[in-house]
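Okay, got some structures for you below.
Each of the next two complexes has chain A plus one other chain: chain B in the first, chain C in the second.
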Partner chain A sequence: MRLPQFNYTGPDTLEKALDLLAAHGQDAKILAGGTDLLVRMKKGLLAPKMLISLKALKDLSYIQQDKDAIRIGARTSLADIIASGPVQKEAAALSTACEKIGAATIQHFRGTLGGNILQDNRCFHYNQSAFHRSGRQACHKDGGKICYARDESDRCNSTCQSDGAVALMALDARLVLASKGHERTVAIADFYTTDGILPFAMEPTELLKEIIIPIQGAASAYQRLAYRSAIDYPIVCAGVLLKADTGKKDTIGEARIVVGAMARSPLFLAKESAELKGKSFTDTQAFQKAGNGAMNSASTFAVHNVGATLEYRCAMVAEMVVRALNEAAGSGKN
Partner chain B sequence: MTQYNIIGTRMPRVDSRAKVMGKAKFTADLKLPHMLVGKIKRSPYAHARIISIDASKALALPGVRSVVTGKDTEGVKWGVFAYTRDQQFLQTDKARYIGDEVAAVAAVDEDTAQKALDLIDVTYEELPAVYDPMAAMASETELIHAEYPNNINIHVNIDTGNVDENFAKAHYIREDTFTAPEESYFQAEPYAVVARFDSDDCLEVWCPNGGPHMKSKPLSNSFKIPLHKVKIRRIAIGGAFGGRSEICPADYICALLAKKTGCPVKIEFTREENTIGTRQGHSMITTHKTGVDKEGRVLARETTCYMDGGAYSSTGPIATSVPFLSMEQAYRMGSVRYNGFRVYTNKPIRGMIRTHGRGFACGLDTQLDMIAEHLGIDPVEMRLRNSRQPGEYTSTRSLVGSCAMDETIRKAAEKAGWTEKWGKLPPFHGIGIGTNSVQTGFPMGIRGGSQSFIKFNEDGEATVMSGVVDNGQGNENMLVQIAAEELGLLPEDIHLVNADTETTSSDPGSYSQVSTFVGGQAVKNAAANCKAKLFDVASKILKVPADTLAAKNRMIFVQDDPEKCVPLKKVVRVALTNFISVNAEGGYWPKVDMKREWVSNPYGQMCEAFSFGTTIIEVKVDPETGQVTVLNCVACQDVGKALNPLVLEGQFEGSVAMGGQGGMLTEYHEWRDGRCLNPTMLDYKLPLACDMPPIHNIIVESIEPKGPYGAKEAAMSIAMSAAQAYAAAVSNAIGVYMDSFPVTPDKILAAIKKKK
Partner chain C sequence: MEKLDLTLNINHKPFDVRISPNDTLLEVLRDHLDLTGSKESCGEGVCGSCTVQLDGKPVRSCLTLALEAEGAIIRTVEGLADGDTLSPLQESFVNHGAVQCGFCTPGMLMTADALLKENPDPDEDTIRKALSGNICRCTGYAKIVEAVAHTAHPQDQCPDCASGIKSCCKAKE
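Here is the complex of A and B:
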């Protein structure tokens, strides 16, 4: 399959990149690895007039640790994140999630964390060739008014299958979005619209510059299921964070449970997370209850559009959450 | 045992270096002067009447050289058999599946060709479609092919007689139904074809194929030109697995565009086209009813199978038979009745595939395990009690010559630690066995035999001509090894000219697992004839009788006095100087029952040899997620004789990946209204290298008297038995016999829950 025609530019400073975005905005797309973008372009799902490659923008590849946060440049390769001691120590969930993305070669040569967070939502009725999508009505995400994944649905039910975003939401990360002459920081939990067509609350002129992970002295874990051990998107996944109570070390002071690959965005489960507060780190019953709650909440969003059966994926939400909680609780970080 | 110099050695394949270094040229790499890009317009509807096709806008686009539709094909139809010619290369009246060919263009570049496709205006009238064989048989809507009532395309009936009588004598009878969906090949190389007509109006074609002579005949028929004017050329091929044996509509369309434009044309399939627009393996619903005596010996069996054949016949009669034949060869069945129905649906066309009928075979083996459990018999013992023995006839009356089925079962069981593990593994650990048998050849009529020609060059090297094609399994290396062995040369002295219909004689192709047995044997016979001529000349030089001579390492020498020798090169030169030919031909025609026919007469000698294989798999199942971890695999096959154990082990391992790890755990298609939702490598879950378990290969050599050096089919019995072993191991681990394949985590989990 052929790529549609486009102009290509590779700015070597952030300033130049932001100038280009300011000028071309809607017509441009950021190329940060290409494993998601180029495949969609080949399928004719989008045809940006300009690609702004971050290949030469070395300034956005870094992992810095200061007193209360780890800062990761959005262009940092997945391999660098996996190899990072600070990430392994303070953000185990992210380290594990990055190990699951693509395959070793993709992690080394192509995949970036920013690219993983900003990969478009997926649906096996949408991520198809122009031929496949012909001879039937267009779906919501394809400019039409129908959803093949959920009958009668008035909106797009595409699924966010980013591993990185789930881990980062569990870690309560913040995203730094830059545009010409402006910069804003947003909690990743607030970064998502509820629209499967345009899932990110981000302006076309904005660039994801940095990911900030607060250092909380907490344990985190990430669990996912897929069909094979590499080159596979998750069909269900969970990221969790457990922080000990400042007073009582064996008690959970704060919990964050996030479920992924089940909805238009990663789902932060506020109620199930809050219910773990005050529970013991060894309270497996509480973990199971949280898992079941997560399953019930997530199931209402999920549709059959990324493989496996819907029933199986829903059932596995509980299992992934429980496993992640057990892993975090047992990680000795508490 | 005979000592060989090159046969039986672990010689790296002659084609490996070029392939791993990226130097091998595949069809898509070909670039010819003035070559155009061809593209095919396919139906986006599963079942639709074609009202009109307007190509005027496409033809007006600058850069477009030709647009062809069904009107340009003169109505030619394709089918493997005279009675199955149901597929036009470009449809004129209606489209029968999403992907059916309706028009094609040739243009100066790909972008223009694509634009032109979009400009072809096809008006359809949608018709009700059916996607399931049972629904298709019951359907009261318009038939997919008017001449096939109930959409039943093929019915194969095999009946040995006495079935009901023997059921009446049985100690225990059970009947179970098993299902498996269609599967895809995912050859590494997507389909591509280049065609051109030369100045003498000869058609030259390059494409991945399972046999060049099987492509040239239908093209000769379709274009009404003599066979010598159709030149299928040799080209590196990235896999076939049965899916590239027949002519592909793209071959005809590409040639038609080349004819219309007077330029070479190349059509390259996308991965999606390769998945939906070539062939797939059949989905099957199979019911096995089996009656056994007290010792578990099968007295009677009745098997009924409904296969989803998709939109056209393809190799229908063969595909409807092979799953049954593989099992009747592997196991004695007592009396048996088989009814196989191949049913048309509005889905992609199903054809031959390496793992014919995973659901069929796995069902038969699963049921044997069920019966064994009921009778308190160990599954290994159950197989030994029913396994095929040498000298027996199969249910359809094929004499089985060499057969080391029992040895494969025993050796695999020993290596896998069966006795220590069966019934003694911890919860959710399981071990399972599968056994299978595959034909070395089918009755193929006029194209059943192969001929080879060998000529010597004055430097003492030899050029070997053979119609055998290599589509990945190592056939070219096999021919080189055989020729070098027989002629007393080194592999680097053999120059192969193969798989080219202009320069090579008729050959069955790498079809029905017959390349080594027939094509290899033809080369062996040609080389033996050459050698006899060389020895005649050498006997005069050495002044000894010809029958005292031997050849090895480029020397011809007296067997009992190796010091007395002459270089082979010198013998060739002496022969040329004295106007003596040392070139020779040789051929091989398998002795099969030519009256045997798939539908009208499915009895008689099928082929001259059968392979037998056993695979044992050990797994661990995660009871909370249903995920399977394969701990160990033992693959053991009676291959007659391993001509090259290195190549053979690679074939075994590929078979485990295709039949077992992928075929039984992760690979299946998702559909919506006849639309395939996972046609790409990302979404169709082929296993990766890192998914594969440790594999222990055991080669058993029964030395087939009719095969070259004793060789017969190699590795297909592993592909088939691996599927069965995977299914059995998972069933053993969870304590539930699985009846729906592949055994994906959702099904495993549901089975565990249901058991609780």
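Here is the complex of A and C:
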């Protein structure tokens, strides 16, 4: 498969990259590892006039820890994050999630955390070759007015299958978005539109610069289900965070349950998370109840568009959430 | 689109090429330089048959722009053997019948070679995990895993294999 034609530029400072983005905006795309972008370009799903490579922007690859947060440069390779001691200690869910992305051959400096967060939503009706798509009318994401995944749907139901984003939402991470002369920080939970066509609430002139993970002294875990152990997207996944009550060590003071690969964005389940507050870390019945609740809540959003049958995926939401909760509760970090 | 001149360091030799920005490393290797050992199969990073090493790490050459590989030390399957002398890993592949149709072999070799550089004597789980990004549709993987496991310990020196136990010491079935 040939790539469409484009101009290539590799700025060596962040300022130059932001200038280029400001000048070209919609026509330009950021190339980090390319494992998502180049595949979509090969399939003719997009044809940017310019690729702005981050190859020379080594300044955006770092993992720093201070008193309250771990800061990760968006260009940091997945392999570096997996190997990072602070991430393993303070953000176990992210470490596990990164291990599941792609395979070693993709994690080594091609795949980046920023790229994983910003990988486009997927749908097996859309992520097909140009030839396949030419045989039928275009869907919403392809510029048409039809959804093949849900009959009569007036908008795109493509699914966010990022592993990293689910773990980061469970960890309550924030994203730093930079554009020329401006920088803003947004909680990852607020980073998503409810539109499958353009799933991220960011301007074409903005660049994801940094991911900030608050250090909360909490236990976290990530579980995913996929057909293949490597190079496969999750069909269901769950990230959780359990924080002990300040007064009572064996009681859950705060919980965050996030379910992924079921909707246009990772789903933070506020109700199920709140219900775990005050429960014991060994209360497996409460975990099961949270899992069932998560299944009911997440099922509302899911459509049949990422492989396994919808019934199976919905049923597995409960399983993934329960496994993740048990793992976090048993990790001894509470 | 304008053409760009580029020097790539492949198997310790500099190669001058004139490329388009949208040429992948795999296309440059195969179509410009006749280094046809690396194979294109899926073209989207799923199968691993195009794996080459960049600075010692296995990467997908079908998803790497040639421009992005500038300045890196590139190693392809052609760089494994020394003339007609196969590398120990290649020798082991031949001896264990790890090659059937052979299409996945260059990618398997490059991934396994990078693993063995880091860990010369890996156990089965490590090998399977390292090779999990490479698909083989013929061998069922058992012989490939055996071949990698026995690179450090040739089979004729392996006590279990010599005593005729079917599944050898390194790669338990």
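The rule we apply is simple: the second predicted complex is superposed on the first by the 333 of 334 C-alpha atoms of A that agree within 3 Å, B and C clash if a C-alpha of one lies under 4 Å from a C-alpha of the other, contacts with A are read in each partner's own complex, and residues count from 1 in each chain.
Everything below uses one rule, namely that a contact is a pair of C-beta atoms (placed from the backbone, for glycine too) under 8 Å apart; a residue touches a chain by one contact, two chains touch by 3 or more.
Only a predicted model underlies this, so the values are computations on that prediction, with no experimental measurement involved.
Student: Report for A:Tyr312: first if it touches chain B alone, second if chain C alone, otherwise both or neither.
Tutor: Once the two structures are laid over each other on A, A:Tyr312 reaches chain B alone.
Student: Check whether A:Asp250 is in contact with chain B, with chain C, with both or with neither, and answer first, second, both or neither.
Tutor: Touch status of A:Asp250: no partner.
Student: Which partner chains sit in contact with A:Asp27 here, chain B, chain C, both or neither? Use first/second/both/neither.
Tutor: neither
Student: Touching A:Met1 in the superposition: chain B (first), chain C (second), both, neither?
Tutor: In the superposition, A:Met1 touches chain B and chain C alike.
Student: Identify the partner contact of A:Ala230: answer first if only chain B is touched, second if only chain C is, both if each is, neither if none is.
Tutor: In the superposed model, A:Ala230 contacts both chain B and chain C.
Student: Have a look at where A:Leu51 lands relative to chain B and chain C in the superposition and call it first, second, both or neither.
Tutor: A:Leu51: touches chain C, not chain B.
Student: Regarding the shared-chain residue A:His125, is it in contact with chain B (first), chain C (second), both, or neither?
Tutor: The first partner, chain B, only.
Student: Return first, second, both or neither, reflecting whether A:Glu15 touches chain B, chain C, both chains, or no partner chain.
Tutor: neither
Student: Need the overlap of the two footprints on chain A, from chain B and from chain C, as residue ranges.
Tutor: In the superposed arrangement, which is not itself an observed complex, chain A uses residues 1-2, 103, 229-231 for both chain B and chain C.
Student: Show me the residue ranges of chain B that touch chain A in the complex, using the header's touch definition.
Tutor: For this pair, the touching residues of chain B are 42-45, 98, 110-111, 114, 270, 272, 624-627, 666, 670, 672-673, 675-679, 682-683, 685-688, 690-691, 744-746, 749.
Student: So in the complex, the part of chain C that touches chain A is made up of which residues?
Tutor: Chain C residues touching chain A: 1, 4, 20-24, 27, 43-46, 48, 51, 54, 57-60, 63-65, 67-68, 111, 129-130, 132-134.
Student: Which of the residues in chain A end up touching chain B in this complex?
Tutor: Going by the criterion above, the answer is residues 1-2, 103, 124-125, 128-129, 131-132, 134-136, 148, 225, 227-232, 307-309, 311-312, 315-316, 319.
Student: For the complex, which residues does chain A have touching chain C?
Tutor: 1-8, 10, 31, 34-35, 38-39, 42-43, 51, 53, 55, 102-106, 108-110, 229-231
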